[in-house]
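In the two complexes below, chain A is the common chain; its partner is chain B in one and chain C in the other.
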Partner chain A sequence: MRTRLGWTHGVFIAASLVLIFLSVRATGADFGETAQFFVRGSLGGPAAWTRTLKEFLPLLMLGTAVLVALRAGLFNIGADGQFTVGALGAAVVVLRLGGASGMLLGLAAGLAFGALWALPAGWIRAYRGGHEVISTIMLNNIARLLTLYLVKGPIKDPDQQGQTTATFPTSTSLPEITLPSGTLVTSGLVVGLLVVVGFWIWERRTVAGYELNLVGANPTAASVAGVSAKRVKLGAMLASGAVAGLAGAIFVLGHEHRFYANLSPGYGFDALGVAMLAVSGVPALVPAALAFAVISTGTASIQTLGVPRGLSGVILGLTLLGVAAVAGARKRIAHE
Partner chain B sequence: MNDLLLLLGSTVVLGSPLVLAAMGGLLSERSGVMNIALEGKMLAAACLTAVVSSSTGNPWAGVAAGVAASVTLSLVHALVTQHFKADHIVSGMGINALAAGGTSLLVKGVFDREGAAAPVFLPVAAYWVTALVAVLYLVWYLTRTRGGIRLMAVGNSPSKSRQMGLDPLRIRIVSLLAAGLLCGLGGCLIASNAGSFTDGMTSGRGFIALAALILGGWRPLPALAGCLAFGMTEALQLQLQGTLLLGVAIPTEAWNALPYLATLVALLFRKGRGGGPASLGVN
Partner chain C sequence: MTVELHDITVRFGDVVALDGVSFVADQGKIHALVGENGAGKTTLMRVLYGAVVPDAGTIHVAGSRVSFRNSGEAIAAGIGMVSQHYSVIPELTCLENLILGAEPGWALHRGATIQRARELAAKMGYEFDWAASADRLGPAGSQKLEILKLLWRGSRTMILDEPTAMLSPADSEGLFQSLRSLADQGATVIVVTHRLPEVLQHCEQVTVLRGGKQVGAQPVKNLEAASLAELIVGQQVQARNHGSAIPGEPVLEVVGLRAKGYRGDWAVDGADLTLHEGEMVGLAGVDGNGQRELFHALVGTLPSEGTIRFRDEDWSGQGTARRIADGLRLVPEDRHEEGAVDSWSLVENSILGLQRCPGPARAAWLDRTQATAIAQRVTERFATRHGGLDYPISSLSGGNQQRFVAARALEMSPKLVLAFQPSRGLDIRGSEDVFAAIRSECRAGATALIASFDLDELLSQCDRVVVMSRGKIVAPPRGAEMDRSAIGKLMTEVE
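Let's look at the complex of A and B:
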């Protein structure tokens, strides 16, 4: 069978686009006006770019986190929980310790908490054979409930009504950078880009990076070559969790300056789409994360026209299905 | 004594959506299709059943619409995993996102503007009787019938079962459609327990059903026991709300986390696949 992308793929993608069009029309909004608001709200001017880049950073870092695990053949559905727990770790540190040292320790706590939250999933997969998808779904829900409990009571700011901690001391904020265009970004964006570049070089230039890909591509060949698949898988999961936790820490230290219930609007699930779009190579993470960020801010800005945020879920879902379908064709060729 | 009866009653009512979804998941996973989309299928059914029964005033039309929504998602699931050979995990996540976004869009963007009447539902007993019948039928079907044994064979090795003359594609599609039907009923029951549809109202029950399925080793009776145990934690939580247990107030979140924690602990201590189909998730 030499069929690569058949006509059915085209029909599927066309049907998805029609469904998105119909979803917008069903809400009674004018499609042309909606599209215009969508683009203007996400890419038109410095304020729009500020919002889009705020979404871009967690998507980029979580996309990287998911991709690290994916290289070892693991699906880290738990990036959302690791992000949340990483942010919690950073919050707990900077609420006790101000200044630059608090900020740096907060970032370190994010890394550590994220890795810690990924540990059970990595260990279960490597040494117990239990599927990481199940364990990470469980860990996501536990993270959500645990942080909800904490912000309702133990770490809640008694002076505020909502389920939130106090605002962090300003001395712990990541410095903001104003780009020449007037767009505001956090310096955490530099950290995020460095993580991507670092992973790209590491994957291509180091023995460990080679082993990671080897285990993902063919665990049997890896074990014949003397590479411990168990060790590599556990390591990949921990690294993935650490990057996700760091993303959470940067999100609260650079943008939100407090920790609150349901902090992530589902970045970890969008990140799965980002990583799937970037399986061909690490640099593709940047445009993929940007596309998802534009979808997120674009759908937020068309709410004024009466189109609910649910549209972003529809787009995400259809993207995941489409990407998985196209990737399936590629995999079929690889088997021949 | 009255409290105990009340507890058992609400355990059955709250556990039944889990049982229905878990039996759907069992059929699909035993045929080899990993189904993390139970959540999305139930959510779509819960939404459509509430929307249609409130606009028609007919509970049967509501159930039909809910089940149709869930079965449609199952068809998409089958198309993507079987025809396009897509990854089962990514496509499952895709269906969950599509259902979460689509139901929210439908309710907030289309029906809220029109102001809907209160939905009408079938009596709850219709659901838990169906759930129980589904479990007993599956016990018999999987161990005593040719169709059931073929289903398990496809899940263990699609290539070997093809050499034996079976048609894995057809068996997997039928299993997915049956899963859609059962998840659909589960979703209808969730909406009917609550009396209306709210955004994201399945709140992880699809994943809890999946957890019960896995803890039960992909067998109907242990999965049923798991679902009822998880249903009981939900019932206990409602009944003990605000009271002290051994002098400590147990936070709601701890009750809600119990099924997830139990699953995680079981995975930590269990070695191997725990009796699951050998080719789960393999195209």
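Let's look at the complex of A and C:
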């Protein structure tokens, strides 16, 4: 038995680096300077870390949400919509109820709204056989257009020009934590990490976690083992939506302090990549989400050099392709 | 063309799968390759087929030395292989399956291709509806199509790995007739099998592997079954005497059971069956008479009408989980699809189906220590050879996977064991062990129903045999419960 991790992968990694180099040069920027700006803007100092961690948290939580569904063999493309609706739910609550109770109820509303938004997709998949990819994409559109309508009318702050709600009462903000390095993070980060750790333990240590993975890995064997694939799929979709909705609530209560149109810059879609990088194990969500966050803030900061932000898509795509190629090779080795 | 393999050695990591094995198959003959599960039969054939590159040794085809780097090169040299699991793709038509990967040119001339396919089939005495979808083919039809695929690719050496594993006795007979005519036309036919009657009846030469070594190669003529069996297992097979059961109270009562097959017909059509405590009952019958659907109805994975009562429970309205909790255990027909998650470790697979039983489960939590202990017991029961309990079950040989799945069905106090061909893919000793273990569970108060297409196996292992025929269950007449010809008549519907 020979290992298949050979020169082809070396070539691939080299090719990726060359492609990144060429796309930077194509914009006319100096590669060394660009790399320096990239690292400094995403990881160099407390301010950079604050920005990166702000991106990190939704990516981490939505990555978890996508992974929960993926374990049952479902592709939840709808995390973005569930995130948005979850944020909306939190906003509606805290605009009416201030204080700590408003904040907690807002978080709960995020959970509930997210799960509610995933319910149709889960139900249609489990009991009607309609594919969740189609239904969740549709639900994303509905979420986007519905919230757009709401912030243009019913919940718009009349005192402002933009399509946004009023700013939330400060009493409903998630407490901020200053790390010893000076980096500022929301306490929602703790919640996010707890969700990841909780899911990890739950998946490995509980009967329900075992059955969730069973349904995703082999639905026929699951039914012979007395597991209702329908119920598990519906449950997985609801849990996935709930986590995504909670991420939305944390995003508005911890960072934005208001709800506005097109809230998510596409976190739910980047989260698909995060989850794909973490199929091998839940803890991998953390480095995967961090990598996505670094690429996001890094490319934002090299815009000052005239390098277009779209480059982040190029880098993310090449990273994913590389990981897929190497992971595929490892799978083949394990199989032999 | 004669094929020769000399001093072939193959290592997988630290495991030596083949240790200096030599194998010669002459042109125009049917050659049997026999041995226990894990003896290296399939690996040796994969070497000849180019799918495994040996670490040492030489291959000669028709006298000249060759070395295959992949199957494509072996196919080009006229070597073809039908593996244990057929590679017929149900979504394609028979014709598309035939030519897949060996299309005649870049443009398909449908008429001409069908004409050639017909000629090929006629040569073998087969008939195919070439335009029909391949999912209509039963096991025998798929097997025939696989053979035609080899001929289409110009194979002159044909390797068939356990070709009769899925076939009824009549279809097996037909298969060997086909192989005979191929051999008469000058093909070299190699059959990997562990059914000794097939070897003695149909083959001319036999090579025996044991533990990765070649321990015998000789003509079949004048060879006795007992000495061949001894060569395979390395010891004298004991005559059996397993006492008879004293059946207790009825425990499973099935009345008027009806269940639909995948074609929508009533595959189980008014089946009645009563099993008693302590009994080991064989379910005989020609493949496709509703045995599969009966099992799924009993497990609860196929909707059914009629009554199923187990002890004091009405199972008719209960799901699979409840039936498992009541003591139902299953050795499924298809271990890949129904009995295991290939990529999961032995530990994870050892609690599949038992995941809610007290022991591996403590309320909502999984007890991994218990799961590991179960995996330990499951692998030890039938001496399953494995590289470690954390290895995926797919790393086990087919026979060892079967041992594992069978042993698991006897865990956590089984009350009713449903076993569908539990000895499938097992060698003589392995299948003996599995039946003995099921029997001892029955003697301790469990009940077992065992479906098999091998009547002799059921007759020699079970306490009594019933027959499934056209969706109904019929018992042989009183006084002839274990009478081979009486049961055979029921199976073949001879009055």
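Here is the rule we use: the second predicted complex is superposed on the first by the 299 of 336 C-alpha atoms of A that agree within 3 Å, B and C clash if a C-alpha of one lies under 4 Å from a C-alpha of the other, contacts with A are read in each partner's own complex, and residues count from 1 in each chain.
Here, a contact is a pair of C-beta atoms (placed from the backbone, for glycine too) under 8 Å apart; a residue touches a chain by one contact, two chains touch by 3 or more.
What you see is a predicted model; the values in this text were computed from it and never measured.
Judged by the touch definition given at the top, the superposed model places A:Ser223 against chain C, while chain B stays out of reach. Residue by residue along chain A, chain B and chain C are tallied for touches, and B comes out ahead. In the superposition on chain A, A:Pro120 contacts chain B only, with no contact to chain C. In the superposed model, A:Ile155 lies in contact with neither chain B nor chain C. In the superposition on chain A, A:Val39 contacts neither chain B nor chain C.
When the two structures are aligned on the shared chain, A:Ala208 is found in touch with chain C, with no touch to chain B.
Here chain A touches chain C in the complex through residues 1, 204-211, 214, 217-218, 220-221, 223-228, 334-336, going by the rule given at the top.
Listed in rising order, the residues of chain C touching chain A in the complex are 11-13, 299-301, 319-324, 330, 332, 337-344, 348, 351-353, 355-356, 361, 364-366, 368, 392, 394. Residues 34, 36, 76, 79-80, 83-87, 89-91, 93-106, 108-110, 113, 204, 207, 210-211, 214, 251, 253-254, 256-257, 260-261, 263-264, 267-274, 283 of chain B are the ones that touch chain A when the two sit in their complex.
Within the complex, the chain A residues that touch chain B are 8-9, 12, 23, 26-28, 75, 77, 120, 123-124, 128-130, 133-135, 137-139, 141-142, 145-146, 148-149, 152-153, 269, 272, 276, 306-321, 323-329, 331-332.
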